[in-house]
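Both of the next two complexes hold subunit A, though its partner changes from subunit B to subunit C.
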Partner chain A sequence: MHVKRSILGVGVTLVAGALVLSGCAGAGAGNTSGGKTTLTLATVNNPQMKDMEELKGEFEKKYPDISVKFIQMEENDLRDAVTKDVATKGGQYDIVTVGAYEVPIWAKNGWLSDLTQATSSKSYDVNDLFPPVRAGLTSGGKLYAVPFYGESSFLMYNKDIFAKAGLTMPERPTWDQVATMARQLKTPTQDGICLRGKPGWGELFAPLTTVVKTFGGNWYDSKWNATVDDAKFSAASQFYVNLVRDAGEADPVSFGFTECLNNFSQGKSAMWVDATSAAGSVEDPKASPVAGKVGYARSPVKETKESGWLWSWNLAIPATSKKKDAAETFVKWATSKDYQKLVGQKLGWSRVPPGARTSTYSIPQYQKAASAFAPITKQIMESVDPKNPGVEPQPYTGIQFVSIPEFQDIGNQVSQDMAEVFAGRSQLAPVLAKGQKLAQAAGDKQK
Partner chain B sequence: MTTDALAPRATASARPLGRRLTAAGTRRRIRGGAITLLTWGVVVVFFFPVLWMVLTAFKPERQAATDPPTFLADWTLDSFGKVFARDMAPYLINSLTASVGSTIIVLLLAIPAAYALSIRPIVKVRDALFFFISTRFMPVAASIIPVYLILQTLGLLDNINALMILYVGVNLPIAIWMMRSFLSEVPVEIVEAAQIDGAKLRTELFRVVIPIVLPGIAAAGLICFIFAWNEYFLASILTSTAARTTPPFLASFVDGRGFFLAVLSAASTIAVLPVVIAGWVAQKQLVRGLAMGAIK
Partner chain C sequence: MSTTTPSTAATRIADGPPPQPLPGPAAPPRRGLRRLGVSRALLWPALIVSIVLTQVPFVITIYYSLQSWNLLRPADQRFAWFENYARVFSNGSFLSSLLATVVITGSTVVLSTVLGLLFAVLLDRPFRGRALARTMIITPFLIMPAAAALIWKWSMFEASTGMVNWGLGLLGLPSVAWNTDVPVATVILVLTWQYTPFFTLILLAGLQSQSRDILEASSVDGAGAWRTFTSITLPHMRQYVEIAVLLGSIQLVQVFDPVAIMTRGSGGTKTLAYLLYERAFVGLEVGEAAAYGVITVLVTIVIATVALRTLFKVFTEGTR
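Showing the complex of A and B:
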């Protein structure tokens, strides 16, 4: 009897505990109660977004009838979560951060709210947004998202290593020059260059597609015929693979942005070609031992004048949001000139979101705080052309990606196969031949 | 004569026997030492990643990913501060709700089910067991779209109770199989003796069988709790804000454009604590339970 009672007692206690926990579970989804509107914002967990969350109190002070709940996610989780929410009209999010790749596709699907009217006021100054970035967020003449921060790509190099080797980095290096220097600087304990090799359309194929384009290749010609197995795409890919094998990291398949950032910041790599937004982390003395010792040059070229990519993380409002007015108020606040000044005053001028507004680069405090990389970032951001980044014309807008829904899958599959090439288990030709078939199938749908 | 004849032989054979015994003892000691050493080696291999995670949690970000890795660092609690600044509590509460709730329901269903499959067996026990385990044959990913659409239609997306029910479905077959193994080891004579004494089904179950298999229940419960606590796939797809659990929250520390290893390690260290505490509390029962069941 005693045993039975004690077991029942334990069971009842546990069930009661579970119910109590269930009752106080979660933080509560966004809703409207007591005249206060709660917005739910789904975002990537990048430093600039974390700053936005830190400063949301300032917004809530200014607009006491609106509060904002941030849901931070890893980049791929965010893509999955937001895609399924907007595609199934779930309506769980009022504001989402969307990459430059998704905006035109989602806009065509009718998943995003038109922000043209909301951003037309003089005080917002929509013309201050970087023109190439704005062009990528516009579909059918309507603006569907506004940039929170933008980035291109450039070459970072360790000035100490270069000085020791007696090398000088040109302001606009070519890939041939970079390859020669990288091979020269490679030692058993130091990589000549760090380049992404991790599979993924947004990992390996971000830098590799820029190399392909400056070598004169592309994923498609102007009539959506795939050109993945042509001579120029092959030459660029072979160049990239050879360079990584000869002068790059020992295990390229494991190296994406994060790994290269760690490698370069630890002084283990002489050069690194990647996002301009990396400079903020590289120059952070609390996190990076090479802070203050890094030089910056334009992204290396072959046949084009420029080969930097163009990416932005943007704020958009899903068409399913029931709180569009409040959401627009927040979106405008977070992408305004005043917000940029607020970040500078409250968190430090080097933390101002880069690459979204041209006026950012005229703020004297920002110029001073980001003097190492701000001028070159602005030059690149203004000169890249997402409509015609390569040698031949292309039928889509985008530099390091093809703005069709199938590209994610194609890029992921081909990059998985490329990993086998890096590992020496496969040849490049069959990989590109397979990629050609995949790309052609997707291209045929666009014709 | 016989004695004289045997004595020297016995004396002669006594020495080799002693030496043989000593040699056998030495071999046993060496084998025992080698097994102990091997066990410690395996323990270190399995425990090292956890240790490294905890150490990294206390390192500043610039020392978290040094090459070569180093044990020494300027120890700091900064990363834990960053985790708490993100308000981890709601995610931990959600995980606790889904894990504890689903484990209780699983045990409440699994014990009678296993009883009917072992002590008082139904007809076609093997078919029933096969049916239960066959629900695990299909990967969860294969059923996610219908599950998502059903929950969406019922308005149960981002609902912690819905997630709890799904975890019950996922863990129930394992718990039934485990409990059936534990119950099969209960001596039939004890059950029969209780029946002869006039024990009814409830008395038989609660006063005779369950006290015997309590360690097994602890083992099955802990395994279900761990599976539910660590579950990522369903939680990341079926929850967004109110019902978000700890594993997707941990993934959100992966920073696409900055350093994150120390802060991710700090968040992970906090996240594993409930499982470690649960395992520690149930340690005695758990060891007995794991030793008596099918997974020994």
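Showing the complex of A and C:
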């Protein structure tokens, strides 16, 4: 009997324990002790952020009464932990890294401190930030976050493969040209192109949404009516699926950013349309056999002039932080021109965080270290338009995402159903019809 | 609703048949009663802890499940009665996830049982290097599920460089886009690989507890190996198979890692655990996720009650 009860007890504990979805996110709030302020910074564990942690000693040397504690997390965990903390006004973090998607949403909820005043000094030079990136972080004329690094998307191609096939890549290719070349270059051992197919709003729907927009489609029209099942959205999706099935990777559901990076670096894909920040890894001779043999072109288009996306990882201060002054000091330091130079001098010029400041691209050492892709990255970062990326006007700011809270859920669900289309188990129409319903429900809340 | 309902209900039913009258004095003396009071009092701290840890969160979850609450829309939070439950039952995700869970768990258990029995029989025979073979065969079960899923994703199932497709190529078979074309089979395959050792272990213990005398007697009576296996070993193994199936099912129902890492819930692999995760952490719909949670608990209590009852029957039969 006792044995039975204790086993049952354990069982019930496990079941109920698994249900605590709103558990505590762990303690970790910094304290002010002896005149010294400790800031807690929650950040995504990307290489650029790790570099920032490595250099925090320099900051603490310069500001001896402030110390910074880093909490590094994987992207999804960070999103979850920070959202929970900020939404429930937990106040654990003084500084958080926030993606471009969340900044306008969080700003609207009043979760982020206004940084307009703090960044207005001449030495900080807020006008040096890439204008499209800054536009995405501004809400109601106020700046709520500052970019630590940013990226757009472009087309990377393997010059060796192109030379062997006698093909040349135009500087501004169209999707039709790219599709023709990809089909031509596809062999049993080599993919013509690598495009993300892995379910997830930030995986498949990052590139696919840019394709939809350059085909003249969008998730919503200017009055928040969903347009997921219209002719343009569906033509773009069908084009994307057909291209992947004919000339892309064999197992699209497995393929996201990392997998495409792997394939392209190994010379197994002739082309790859993805983040400009991938170039750093592609050009790293230690990790990539194709380093030095990669050409770069603008992201392919159809009806628009540009189709690169826009993403940035930004530093922001939650409204709940009680150490705003110290936090502002750190945020300004980490996104300043001097920080960029510091990274170059201490860690190497190729590790300077890209895509945040225009002036980065005029540092001679950086120009040399990133000569293959820096100029085109700068051109793209300056010319993409997150307010009006498609053919028709849209009611939100954002290129590869819709900046409403429901988008990550909608994008995720539709992308899972798209996997069925990639596999040939389902037609496109019912998938988009379902997506239309989801999107309309979310759009109605915006009206 | 009483806070202790789930556990008492489960306990009551899982207790099985009413207890037989115990032998001994019919009425305990007074001193014994007082001692009983003391020992009951000693149980209180543990009971309070378990109530705080299990029942309070459950009640809070029920409360959340009645709220309309998207984490990113704090201004719209409101009491929504049974809206979330209505949505759970009307949008069809729950039933398809339940089906996915049953298909994946069921197929894995059947495959692991058959393979586990095969390996157990092989490992039960004396041969050189048996200890080494046993250790090696258990290894997959010791690997962290997330690591196992990553190994399979990158080294085994990768469409162009994976070993499975390479092997198929050697046999002259076309390569397979595992996660895209056969996602359910892919997940089942990884889980079977991982759980077969667990089944093997339990079944091997069963084989080793067989009485050698009976086996000897059967061979004296002229029964061949197959006859001995089907008439003596298999009936003896029944309760071990039952235990393995039950414990394996309990663990497999919670499967999450291969789904999250390999198929991302696509192609009929969205198990209940993954659906819950998505509603809570991708959808950020606290209310809806809580409603899924409450329903999952109710379903689990029903299934667990039946399963635990069987489990205890197996245990008590085993000690008879």
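The definition used in the following text is that the second predicted complex is superposed on the first by the 418 of 447 C-alpha atoms of A that agree within 3 Å, B and C clash if a C-alpha of one lies under 4 Å from a C-alpha of the other, contacts with A are read in each partner's own complex, and residues count from 1 in each chain.
The criterion applied here is as follows: a residue touches a chain if its C-beta (ideal position, glycine included) is under 8 Å from a C-beta of that chain, and two chains touch if they have at least 3 such contacts.
Every value quoted in this text rests on a predicted model; they were computed, and no experiment measured them.
Novice: When the two structures are overlaid on chain A, which partner does A:L261 contact: first (subunit B), second (subunit C), both, or neither?
Specialist: first
Novice: Given the touch rule stated above, what does A:A287 touch, subunit B (first), subunit C (second), both, or neither?
Specialist: Only subunit B; A:A287 stays clear of subunit C.
Novice: May I ask you to decide whether A:Y93 touches subunit B, subunit C, both, or neither, giving the answer as first, second, both or neither?
Specialist: first
Novice: Looking at the overlay, what does A:P405 touch: subunit B (first), subunit C (second), both, or neither?
Specialist: After superposition on chain A, A:P405 lies in contact with subunit C alone.
Novice: Report for A:I71: first if it touches subunit B alone, second if subunit C alone, otherwise both or neither.
Specialist: In the superposition, A:I71 contacts subunit B only.
Novice: Looking at A:T40, would you say it contacts subunit B, subunit C, both, or neither? Reply first, second, both or neither.
Specialist: In the superposition, A:T40 contacts subunit B only.
Novice: Which of the two partners, first being subunit B and second being subunit C, lies in contact with A:D80: first, second, both, or neither?
Specialist: In the superposition, A:D80 touches subunit B and subunit C alike.
Novice: Just which bits of subunit A does subunit B share with subunit C as contact spots?
Specialist: Residues common to the subunit A contacts of subunit C and of subunit B are 1, 4, 7, 11, 15, 17-18, 21-22, 80, 84, 263, 268, listed in rising order.
Novice: Report the residues of subunit C in contact with subunit A in the complex, numbered from low to high.
Specialist: Interface residues on subunit C, with respect to subunit A: 6-7, 10-11, 14-15, 19, 50, 53-55, 57-58, 60-61, 64, 70-76, 153, 157-160, 175, 177-181, 183, 254, 262-267, 270, 276, 278, 280-286, 289-290, 293-294, 296-297, 300-301, 304, 308, 312.
Novice: Please output the residues of subunit A touching subunit C within their complex, sorted ascending.
Specialist: Touch residues, subunit A against subunit C: 1, 4-5, 7-9, 11-13, 15-22, 76, 80, 83-84, 87, 105-106, 109, 189, 197-200, 249-254, 263, 268, 405-406, 408-409, 412, 416-417, 419-420, 422-423, 425, 445.
Novice: Could you please specify the touching residues of subunit A with respect to subunit B in the complex?
Specialist: For this pair, the touching residues of subunit A are 1, 3-4, 7, 11, 14-15, 17-18, 21-22, 24-30, 40, 42, 44-48, 69, 71-75, 77, 80-81, 84-85, 88, 90, 92-93, 257-258, 261-263, 265-266, 268, 275, 277-278, 280-281, 286-289.
Novice: Show which residues of subunit B lie in contact with subunit A when the two form their complex.
Specialist: Residue list for subunit B touching subunit A: 60-62, 65-67, 86-87, 90, 93-94, 96-97, 100-101, 104, 108, 148-149, 152, 157-158, 160-161, 164, 203, 206-207, 210-211, 236-237, 240-244, 248, 251-261.
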